[in-house]
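Common to both upcoming complexes is subunit A, partnered first by subunit B, then by subunit C.
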Partner chain A sequence: MDVAIQIVASGLTLGAMYAISTVGLALVYGALNMLNMAHGAILALGGYVCYQVMAAMGLPAPLGVLAAMVVCGAVGVLIYHLAARPMLRSQNFETQIFIATIGIGAILQDLILRAFGPQPKPQPLALSGALNVGGVAVPYQNLLILAVALVMMAAMAWLLGRTRTGRAIRATAQNRDAAQLMGVRIGRVYAQVLALSGALAGLSGILLSSISGLLPTMGSDPMLKAFVICVVAGLGQVQGAAIAALVLGLLEALIQYLFGVQYAFAILLMLVIGVLIWRPFGIFGRRQVVRL
Partner chain B sequence: MSLLELRGIQAGYGAQMVLRGLSLDMAQGEFAALIGPNGHGKTTLLRSISGLVRARAGQMRYMGQDIGAMRPDQIVAAGIIHVPQGDLLFPEMTVLDNLRMGAYLPAAAAEEAARLEEVYALLPKLRDRRLQIASTLSGGERRMVGIGRGLMAGGGLLMLDEPSLGLAPIVIDQIYAVIARLRESGRSVLVVEENASRIAEYADRLHLLDNGTFVWSGGGAEFLAQPEILATYLGG
Partner chain C sequence: MTSGKRDLVILLVLVLAMATVPAFVGTRYIITTLTLFFIWTIVVTQWNLVLGVAGIFSLAQMALFAVGAYGTAMLGYYFGMTMPPAMLLAALATVLVSLVVGLACLRLAGPYVALLTLAIAQMLYLLVVNDTACFTNPPSGCMPFFGGVRGFSRFGDLGFRDLLGSKWYVGHYYIGLVLLALAVAFTILIFHGPLGLAFRALRDNPGYAIARGVGRLKYQLWVFGLSAFFTGLAGAFYAVQFGVVGPIVFSVSMLLFLLAMIVVGGIGTIWGPLLGAALLTLADETMREFGDYRDLGLGLMLALFVILLPRGLAGVRGLQRPQG
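The block that comes next holds the complex of A and B.
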């Protein structure tokens, strides 16, 4: 029983962190057909901005979180205007933006390295103490991460499902030309989506670094996992990505317990390959049918 | 003043020129049809008017307003509604949500409930299908959603691109019943249609597009009285 609680607690925490970093990626792919390879660097940037605001400037935690989300959202808007927008009309947009964002990610990561150095730093935003659940101590930090993830998912569901902005985002994702013919200003939708994705990446970076510390390269591993989750869920499926993130987090925790940490990612990737053989368009993705 | 005034429009894709200097005038309340062989620029002309394709030369004025440099969303806001070829529905939304997207802009959103009733009155099947996901509809139903979604926007000029394309004869009759109703309502309509002699019964004016230019324009009755036009350009 203790073990089960332990696995569920750490699995949900992992899954929640994956969900926050994945949802932004899925949203951008869904709306723009754009794999944002700078996502990992934006994640790290969020962690460092929060660190800078709290540790160096001595300001309270909510300001650190807010600053990180605003800065990372702004980076998203910059990526839209400097990279995505000039390429949008190109036939090879998907390839070009993929390569361009690899470059942007590298620049961002080097800027962080230059500003903060290569040594690991602790994330000041961390809760101490633990809650006793059936004899198992679940750190408050894990509960905070889970709570933030749930709030974020609910907020995204509300935004996409209930607001005018969300309808415009969904319409643009489903048919770019048709959205324009309805009067949707798709350039603005793209900028909004990248801003939102950036802000979520910033938040995710803070949570990740609160557990494993700050490093300029801290974003690459979570971004890889976020891609895996996006592909499993079906590229561009935002809600599917959130669910897949939680399931894969739980699975990873279980595999870690049963076989050891070193096998977790390998076994996870094998499962992913299995899923993709079974459903190449992802669990929640729709089979692409070309109709004339 | 013309409702729509096009002068010397040139447009194309990459190195390929499709429209080679087109001029067109449409009056308020006119029902005009673009006819002609496939691949000669009818769809490109509609896409240029709605801003999805940027014209390379020429002037476009709608109700006296220069729309040539406007974004597609601004052209919709100005009142030109384009029901595209192939419907381009939002496949993962319900019929109702597709229709509501038609009334996305604030001016149309204010009228949404009333417009929805009008669309359901014109296309009763959509009311029964309103909670169905668009990708699961039949071809005829999809076409009706596409037209209904365009009507939700209101607007001053409705452009329909091949409303009967690829449908079964019985469904084409239903679509033509809708076209007849639109004709009676006095709306300004610009329709692209493959079946020239059928649309000629409804259109005030027909414009025959061949190889990127207009080669003949005239009234519907005039067209039907001159079978040699059909033979020359439409191979029938």
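The block that comes next holds the complex of A and C.
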């Protein structure tokens, strides 16, 4: 019984961490058809900004979170203006923006490395203590991550489904030209989505680093897993990605228990490949019919 | 003269010119740098076939390269195989791996391919690095099956040390040049041959091409597998050139470096990647003192070129030759 609770607890924590890394990514792909390879670096940036504000400047935690979200949101807007906007009309936008964001991610990560050095640092914003569930200690920090992940998902669902901005985003995602003809200001939608996803990534980065510690490269592994989750769920399916993240987290915890930690990701990936051969457009994705 | 023949003639002239270099330049540093340049150019031209000609956004190229390198090292280390057959076997193993990866990925849409291939490359890296159980116990210490973090060394060489003595690196230079010539000739043949035509048809009018029985998946798999052969061979040659293979071949920095060569030179052109490889190798060597700034510079270069000059240097007007 203890083992089962332990597996569920660590699985949900893993899943929640994956979910918060995935939201921003899924949002950008869903709305803009753009894979943001700088996402991992933005995650790291969020963690470091919070660290800078709290540990180095001694300001309270809410300011640290706010600063991280603002800075990362600004990076998102910057990516729009510097990279996405000039190539929006290009034929292979998807490929070009992919390569451009790989470059931007490398730049960002290098700047972080230069500013803060390669030594790992602890994230000052972390809850201490643990909740006792049937004899298993579940740290409050893990519960916080799970809670934030769920709130983020709910907020995303509300924003995309219920608000005017959300409708504009969905319209742009469905058909850019038609949306533009209906009076949606495409440029603004793009900037909004990138800013939002940046801000979310900033928050996610703080939470991730509270468990993994701060490192300039801390974002690349979560980003890779986030990609895998996006792919399994179907690219751009925000809610689907959240469910997939939790399921994969639980599955990973189970595999870790059964086969050992080092094989978890490899086995998970083989499962994913299997899923993709069965449903090439993701579990929650819809088959895209291409008309010639 | 058809453009295919013209490209082959250009290649012949370039190769002959490069073949005379060791006669004039005796410095070991320049010769080994050029040898490394040959290796990267082989990888880049094959990657360009996958990326630019077949339109598969695969990031597994360095993983395939690693399969070639590790395959050679492991065949030499565990079975004591001599290098030439080990290299060939490793290259064939690379083809096999690429076909498995291709079958898993190629049915997916563009961005899914990029993500999945990246994830597969990462998975291989983690398998190599995280496996710490000793497979054998040589006097030098515990040796995991895939070499672990340290990797393999002392698995044999091509025997040029006995043949040419202290000038052994010149032998490697010519091997590299021959491999490069074969790889580029192969690229030209693909470009102007039936496979190239099939992809041009699929790009220009997919509906008509598919209706005439030109299936995308089949041809993509062909290009993926064939280009993996030279990629694996380049990896194998890398292994014997350095005499050591470690997980560094999986590093993101390396991937960025090679991707930058293609992007700077021009995706989907024959000579672009070669030009990019030459320029970036030159830049990398001259900026050796600024080693810290390598990733920053590469990132900037990638972003700037894609944003400002998406077709690369080969796409610049004036350098472009009329389509024949």
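Going forward, the second predicted complex is superposed on the first by the 290 of 292 C-alpha atoms of A that agree within 3 Å, B and C clash if a C-alpha of one lies under 4 Å from a C-alpha of the other, contacts with A are read in each partner's own complex, and residues count from 1 in each chain.
The working rule: a residue touches a chain if its C-beta (ideal position, glycine included) is under 8 Å from a C-beta of that chain, and two chains touch if they have at least 3 such contacts.
Computed from a predicted structure; not experimentally measured.
When both complexes are superposed on subunit A, subunit B and subunit C end up sitting side by side without clashing.
Between the C-alpha centres of subunit B and subunit C, as viewed from that of subunit A, the superposed structures give an angle of 90°, to the nearest 10. Touch criterion not met for A:Ser10: it reaches neither subunit B nor subunit C. Once the two complexes are overlaid on the shared chain, A:Ala178 sits against subunit B while remaining clear of subunit C. Of the two partner chains placed around the shared chain by superposition, neither subunit B nor subunit C is touched by A:Ser204. Contact with subunit C, but none with subunit B, is seen for A:Gln262 once the two complexes are overlaid on the shared chain. Look at A:Gly103: by the touch rule set out above, it reaches subunit C but stays clear of subunit B. Partner contacting the larger number of subunit A residues, of subunit B and subunit C: C.
Contacts of A:Asn36 after superposition: neither subunit B nor subunit C is touched. With chain A used as the common frame, the shortest Cα distance separating subunit B from subunit C works out to 15 Å. In the three-chain superposition model, subunit A touches both subunit B and subunit C at residues 292.
By the touch rule above, subunit A contacts subunit C in their complex via residues 29, 35, 82-83, 86-87, 90, 94-100, 102-107, 109-111, 220, 224, 227-228, 230-231, 235, 261-262, 265-266, 269, 272-273, 276-277, 280-281, 288, 292. Taken together, the subunit B residues at the contact with subunit A in this complex read 50-52, 71-73, 76-77, 81-82, 84, 86, 88-93, 97, 100-102, 104-105, 108, 135, 149, 153, 166. By the touch criterion stated above, subunit C contacts subunit A in their complex at residues 57, 104, 107-112, 114-116, 118-120, 122-123, 126-127, 130-131, 206-207, 252, 256, 259, 263, 293, 295-296, 298-304, 306-308, 310. The residues of subunit A lying in touch with subunit B in their complex are 164, 167-168, 170-171, 174-175, 177-187, 286, 289, 291-292.
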